[in-house]
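Below is the structure I would like to discuss, written out as structure tokens.
First chain written, first letter: the chains are A, B, C and D, and each begins at residue 1.
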Amino acid sequence: MERKSFQSDGLNDKPREACGVFGIYGPGLDVSRITYYGLYALQHRGQESAGIAVSDGCKIRCQRGMGLVSEVFHEEDLEKLTGHLAVGHVRYSTSGESSIENAQPLVFHSRQGMIALAHNGNLTNYKELRRKLAEEGVVFQTDSDSELFVCILARSSNGNLIEGILKTMDEVRGAYSLIIMTEKQLYGIRDPFGVRPLCLGRVDGGYVLASESCALDTIGAQFIRDLDPGEVVVIDDNGITAFKQLSPSRRALCIFEFVYFARPDSVIDGLNVQKARLSLGRELAREYPLDADLVIPVPDSGTSAALAYASVRGIPFCEGLIKNRYVGRTFIKPDQAMRDLGVRLKLNPVREVLEGKKVVMIDDSIVRGTTSRKIVQMIRDAGAKEVHLLVSSPPILYPCYYGIDTSRRGELIAATHDLSEIKEMIGADSLNYLSLDGLFAAMAPLAPQDFCVACFNGLYPIEVPFCQKERVDS
Amino acid sequence: MERKSFQSDGLNDKPREACGVFGIYGPGLDVSRITYYGLYALQHRGQESAGIAVSDGCKIRCQRGMGLVSEVFHEEDLEKLTGHLAVGHVRYSTSGESSIENAQPLVFHSRQGMIALAHNGNLTNYKELRRKLAEEGVVFQTDSDSELFVCILARSSNGNLIEGILKTMDEVRGAYSLIIMTEKQLYGIRDPFGVRPLCLGRVDGGYVLASESCALDTIGAQFIRDLDPGEVVVIDDNGITAFKQLSPSRRALCIFEFVYFARPDSVIDGLNVQKARLSLGRELAREYPLDADLVIPVPDSGTSAALAYASVRGIPFCEGLIKNRYVGRTFIKPDQAMRDLGVRLKLNPVREVLEGKKVVMIDDSIVRGTTSRKIVQMIRDAGAKEVHLLVSSPPILYPCYYGIDTSRRGELIAATHDLSEIKEMIGADSLNYLSLDGLFAAMAPLAPQDFCVACFNGLYPIEVPFCQKERVDS
Amino acid sequence: MERKSFQSDGLNDKPREACGVFGIYGPGLDVSRITYYGLYALQHRGQESAGIAVSDGCKIRCQRGMGLVSEVFHEEDLEKLTGHLAVGHVRYSTSGESSIENAQPLVFHSRQGMIALAHNGNLTNYKELRRKLAEEGVVFQTDSDSELFVCILARSSNGNLIEGILKTMDEVRGAYSLIIMTEKQLYGIRDPFGVRPLCLGRVDGGYVLASESCALDTIGAQFIRDLDPGEVVVIDDNGITAFKQLSPSRRALCIFEFVYFARPDSVIDGLNVQKARLSLGRELAREYPLDADLVIPVPDSGTSAALAYASVRGIPFCEGLIKNRYVGRTFIKPDQAMRDLGVRLKLNPVREVLEGKKVVMIDDSIVRGTTSRKIVQMIRDAGAKEVHLLVSSPPILYPCYYGIDTSRRGELIAATHDLSEIKEMIGADSLNYLSLDGLFAAMAPLAPQDFCVACFNGLYPIEVPFCQKERVDS
Amino acid sequence: MERKSFQSDGLNDKPREACGVFGIYGPGLDVSRITYYGLYALQHRGQESAGIAVSDGCKIRCQRGMGLVSEVFHEEDLEKLTGHLAVGHVRYSTSGESSIENAQPLVFHSRQGMIALAHNGNLTNYKELRRKLAEEGVVFQTDSDSELFVCILARSSNGNLIEGILKTMDEVRGAYSLIIMTEKQLYGIRDPFGVRPLCLGRVDGGYVLASESCALDTIGAQFIRDLDPGEVVVIDDNGITAFKQLSPSRRALCIFEFVYFARPDSVIDGLNVQKARLSLGRELAREYPLDADLVIPVPDSGTSAALAYASVRGIPFCEGLIKNRYVGRTFIKPDQAMRDLGVRLKLNPVREVLEGKKVVMIDDSIVRGTTSRKIVQMIRDAGAKEVHLLVSSPPILYPCYYGIDTSRRGELIAATHDLSEIKEMIGADSLNYLSLDGLFAAMAPLAPQDFCVACFNGLYPIEVPFCQKERVDS
């Protein structure tokens, strides 16, 4: 389950990725430990909860908990999770919904035996499907869309699970990269539009599935390939077998994976994330060739674009903002009296390099704009003469119907204000966003039609139920 | 107490800073909460344990625990720690000695009432003093040198604590930045050589003391000044009163604060850390003007030097190694079978930017060299054609008698091997260290004689007891 | 869910009761806190896990955890569980199956909204029902029979939950005292045979349901009545409404509630537990009028019978064995080297009162006999001249098909050995069990036909599926 | 350290014993595990905190924590505590002072090496000694009297620890049963009056020390003898060596050990606790030969006396009050709204046995009387016709200067009210206390002069500093 949110918590004003998934089929390997390290490499995709389910061929054992992978699992936990196939999950912390019930992998008992499921994505026809099942007397253990996939799957499959999965994929709509584990098999599933990444690798006689290739690198696995949109792979004693839906849709990979979500060292559908971000900086330089004394990034995701921008423009680059990297799950937020501290707890400007300078600051995206305003002010307070803000992606104008709470469109600063208003609100001397064309150009060799950019242009590749859409637009 | 160690744990081959201290005297302020945020800003100086002691004028309450500040303290803890003056401490994780007994602040009951103490540094005549006291029948609650200061203080002061502190400073030798809190007063103390930093700031009618100025910035305090070597400040209802030892020694600020320990946004004794690190890169470029396709840092502390080097040399800079930032206190280390994973869990190269390139890699220091070897190999495996390693500080040839376990000199790669041997061991195509002169040049306007560089040249500014010294050299 | 087990763990050789349930409908009352105290009063029925689900009319919140009620819930937990109706559950610790997944109340999302369920008992046609549902594509979150009730209920009810409950009761077989909570209503359900107790009370304008009347006493509620076998009560804004199945079965209250399970101060179906136990002692005295110097109980459940026996026989009664009451959930069991300590950790004889005495020792039941052997030996070691063991219930000859793991019949000492053999194995000078007639006599005014005594005579009141039965007898 | 308190917390109105101590010298034995079980047997003497210190001959390791022995220690903890001698401690929970700092054993570093200390008792000249030491510049880690013993010991001993101990015993006044462990030796010390018990046993080639003999029984050790008042035993490789102070004082064993504190199966200074309690009941029967329908105890400590009373008087005995045994450390106390629940959470009357009866209820002691009032009311509410309260010890008229907070004399109901007033306040039909002569008679063969009964007659065997005394009487 994914809750991609363009919300802000005062300390963070970024879209929220929800999950990372990892799976391994590895006879003879310490699969729980490998999954631990695999999840650790995907930790940036979710810090709220972590879970690992392991099967020894007969029985699935699962442990889930709140917090980082390293907080949830200790040596003795891994020792108890014995088996030769495993699936793991990390989930993002979204305020207010943080509870152990939402942690994954989910585990079910079905007529085929036990099933574990890890999900990255969001189903769009969730409510409709759930209503239908509930009317037939199905009860659910969670309020999530992830559970739905298994419920439909259990009804669709009649001995043949792969058939059931393909049938289920015909019924559900939306974004999903899934890893499903039965007692004996591991399944990797990528939705027909390939909205979320999912790749396949090889390790010491076994196979792994992961949201991003950086997880393969971390555990020493070799990258084989990304799953195709609409593809299902089954891994078991017979090796890998791949299945495809008959009518593949167009691709619609979430472009935000490159802009913000994924780790720079990952390669998704053939494109390295850091290379894409460097290109974003070059495109920015082409579109907005500003003169300045200094280029600084908003760390960490703005760094590559800022480096490339500075290089093209021949302007010195410097880390003008220092980020405190120790914010943990249980970090105590400032109370009302200390609200002023705000972003200062996370970011501190280096007065010595900013003082008296005309600064170009590069960020990857702006959601509400509240954090940007504070950062700009902080840079000025540190003595910068001018602050020009460049954003390495276009204005976010539309909600993400594939995960974001749709009531929140009013909170998107660019959806309700024009450029000059935003500039005023943020307090920058100038503000410019990369164009959609510039964004696409930076994604080469991937083609524009390979991406979902609905949040920028409102063209939703996957049908959104009317009932949901309306609620948003009103 | 400080245990500055040049040891390595396989994932980290850096000198180990031991502690950060923070104190506040702030009637009307939420001092426990401010101390929490102050320690949070100093978290890079110690992640093993954290503690806060608060006084309400009558009684000192203290809470300490293992882990990050955010792990040790929760909302309800801060609510219980009520008062108007506080002292806090973070301590580094050194393998094997990690226990709650060593957490600070230490709290004592004395004839003057309760006393809390937070210590950054290390006493050199610790054993001698301890033996003397023990012979007089003193018992100790810890095995640490920090406790000693209070024991001597309690014997030296006769109603007048400041007199006792000055007397104690005459007896103890070594490095110490101390914050001492009685029920009613806050004391800041910096040793006569000023080995460790300690600065003073003002906030909303109160005063703060902190290891680094970044803590003042974070809580919104104004920097007043660094404490002078040998200075004691008393903060209470009468404001600040400063005392100085009669015969000030020469200064001997640990130069590693600039090379590695301190946060880039801090200013220590007038010099901004990031500016110093940029200068290190420029000095490196002057001494070793290599040609290459790419300059990459070993993140994070090598970044500034690498940026400056690349800029001077006109070579593209890129983040060629991506660091996983989620290693927590309880992270499970790879077992024997997965030892190969090694640094890969923490660092992953970006093949797409390294492939086919002649790479200059910049690191801030090398202790054992084991990690460097793995990183160089990793860069090569990712396709780099050549790897030239530049180190932004001179070879570490001598143990730090002010904190490091002296038996470890044999582990310092540069103490036992010459440059070409180290190059071979590390596997780099070339290896060069910044010269001591270059290091000093980068510290301008601070003068060479302001620093302790004993680890580089063996000239120890503070007398080291013979007994200790011998053990090392043998 | 109940796992009534006649198993032994070396420290305890008693049948295992599995659960206690508690519910309250109390507008204006602090229902989570009252449930906490209610469960606390029922703690003897289960110490493995505890849980409370609360509804505020709109949403059900639930917290469950391992351990005692006082370990699972803290002040802040209760404060979060706000509402006006609640259901709680305590579960027994059975070795090896102790996991949070099995903790109750279970909470489900259904078409009627959220449903919470707390179950004491065991369904006999569990496998058959589960297989049927699974074949229809139902997936389950647990491996328990309790979940099954809700699954069938969700399919059976079409808007009218009470109708669905009655239909579900027609489908399921076995022992169940259930409390079901929807967002707005509380349901109490007792199976058609009334195997497990369930009673109703009134408190400050609200109503409560509880496994035993001692829970009503503890929270200051007035006992109204026991639920009839096959009865369903609905509690909501309209007060209490009662429903009955059309064809009530014969009663079959588990007689072990009086022999061992229930708290002495409880009244079940009109009979006070302590009075019943005193009668057991009098019946024993009638059947086995031994002469001795001393009567001692095996604490705690043998005490009442021993007191009555001693009184009738005119023999001094004394607590000859002192029980350590602090064995907690996480108590470390003796390892192999200390196995001898055995029961001594829990029971210690008082040599001063036993020395040289001919002792009658009274226990309530014997399952495997291993503990009895150790106790007899301990009494002898403490100087007793003779040890005559009287058991206040008949020999356990048959497994309990309503909950016990059926493979265990071989472990029932009385199922595989005759009286003299058991006496030898236990090492007593004499051994006698109360007759079934004596047991019945002690239950007056309840009639023999009101009870299930299948474990004594093999006459199972509720049909046991052949497949299960056979497995046992083979 | 002991805080014997006659205070009440609403749920418990008993004097508070503070500690249990246990030590073992056992080469080849698993001493940490044996200490665990030994402390477990002494758990009734203290449930607030537990600790175990173990030495392997070179180094002392210690673990302490809040809660029961079984809560503080887990398997992996014991595995880390390796060695061949150990000392353990359990401490009572007294509201408000519950903190980890007060947990024992205390561990110190001294010139002789490490020292661990476990203390049961209270020093009377604590303040005077502490002031003296503080003036000499000693700092303390706790606010307790226990630490003082070690501080004086460290100054008194000059290589010869036993000499130092004897000197220290000359300086300190008060009640103390102490176990001190150095890296190589175990010391058992009982104060010159023998106020607190301490006994010696033998186990598998090793020796044990324990507060009560029940701990020896539990771990399978053989009782050797009680330590004499003023005796010190040293246990090491040479076996046991005993030392005595030159001028032994009179004995003054706290009589409350027999009345309430100790476990019934323990034998203290030759007298079995349960036998003593039975004698108390017989003495009560002699002094107050009431006629009644029923004798009931206030569980658990009133049980033996009630049994004996009923037996002598020929009146049926019954457990009329059922005690809930699951109150844990973190049990949530009823808030204001539920204050009525009061003792009902802990005790529930059995209406069926009380109804219409004239009841004699036997309790061991009354401190404030608040709980007694509630219990009497509860018995009446349950239908008893008359309630006659007999107390198996005399009225508590004087504070215990050897541990109780001296400001509390005003709270002792018998210190401020006469018998008829107390009877009225408690609401009993009659109230009678055992006479001091009766109490002494029950202690045979121990003589009256062997006991401290200061709380009954104000004759303090150990000098109480005037300053303390006055504060109390005022």
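In the analysis below, contacts are C-beta pairs under 8 Å (C-beta built on N, C-alpha and C of every residue); 3 or more make two chains touch, one makes a residue touch a chain.
Not measured: the values here are computed from a predicted model.
**Student:** Using the touch definition up top, find the fewest steps from subunit B to subunit D.
**Tutor:** The fewest touching-chain steps linking subunit B to subunit D number 1.
**Student:** From subunit C, which chain is the farthest off, judged by mean CA positions?
**Tutor:** The most distant chain relative to subunit C turns out to be B.
**Student:** Provide the C-alpha centroid distance between subunit A and subunit D, rounded to the nearest whole angstrom.
**Tutor:** Centres of subunit A and subunit D (C-alpha means) sit 60 Å apart.
**Student:** Centroid of subunit A to centroid of subunit C, CA atoms only: how many Å?
**Tutor:** So the centre of subunit A lies 49 Å away from the centre of subunit C.
**Student:** Suppose each chain is reduced to the average of its Cα coordinates; what separation in Å results between subunit C and subunit D?
**Tutor:** Distance between chain centres: 35 Å.
**Student:** Please list all residues of subunit A that touch 2 or more other chains.
**Tutor:** none
**Student:** According to the definition of touch, which chains form touching pairs?
**Tutor:** The set of touching chain pairs is A-B, A-C, B-D, C-D.
**Student:** Within their complex, state which residues of subunit D touch subunit B.
**Tutor:** 107-111, 115, 131, 134-143, 150-151, 154-156
**Student:** In the complex, go through subunit C and note every residue touching subunit D.
**Tutor:** Checking each residue of subunit C against subunit D gives 30, 33-34, 36-37, 40-41, 43-44, 47, 68-71, 73-75, 78, 214, 217-220, 263-265, 267, 272, 274-275, 278, 303-304, 307, 311, 316-319, 322, 324-332, 334-335, 337-338, 340-341, 344-345, 348-353.
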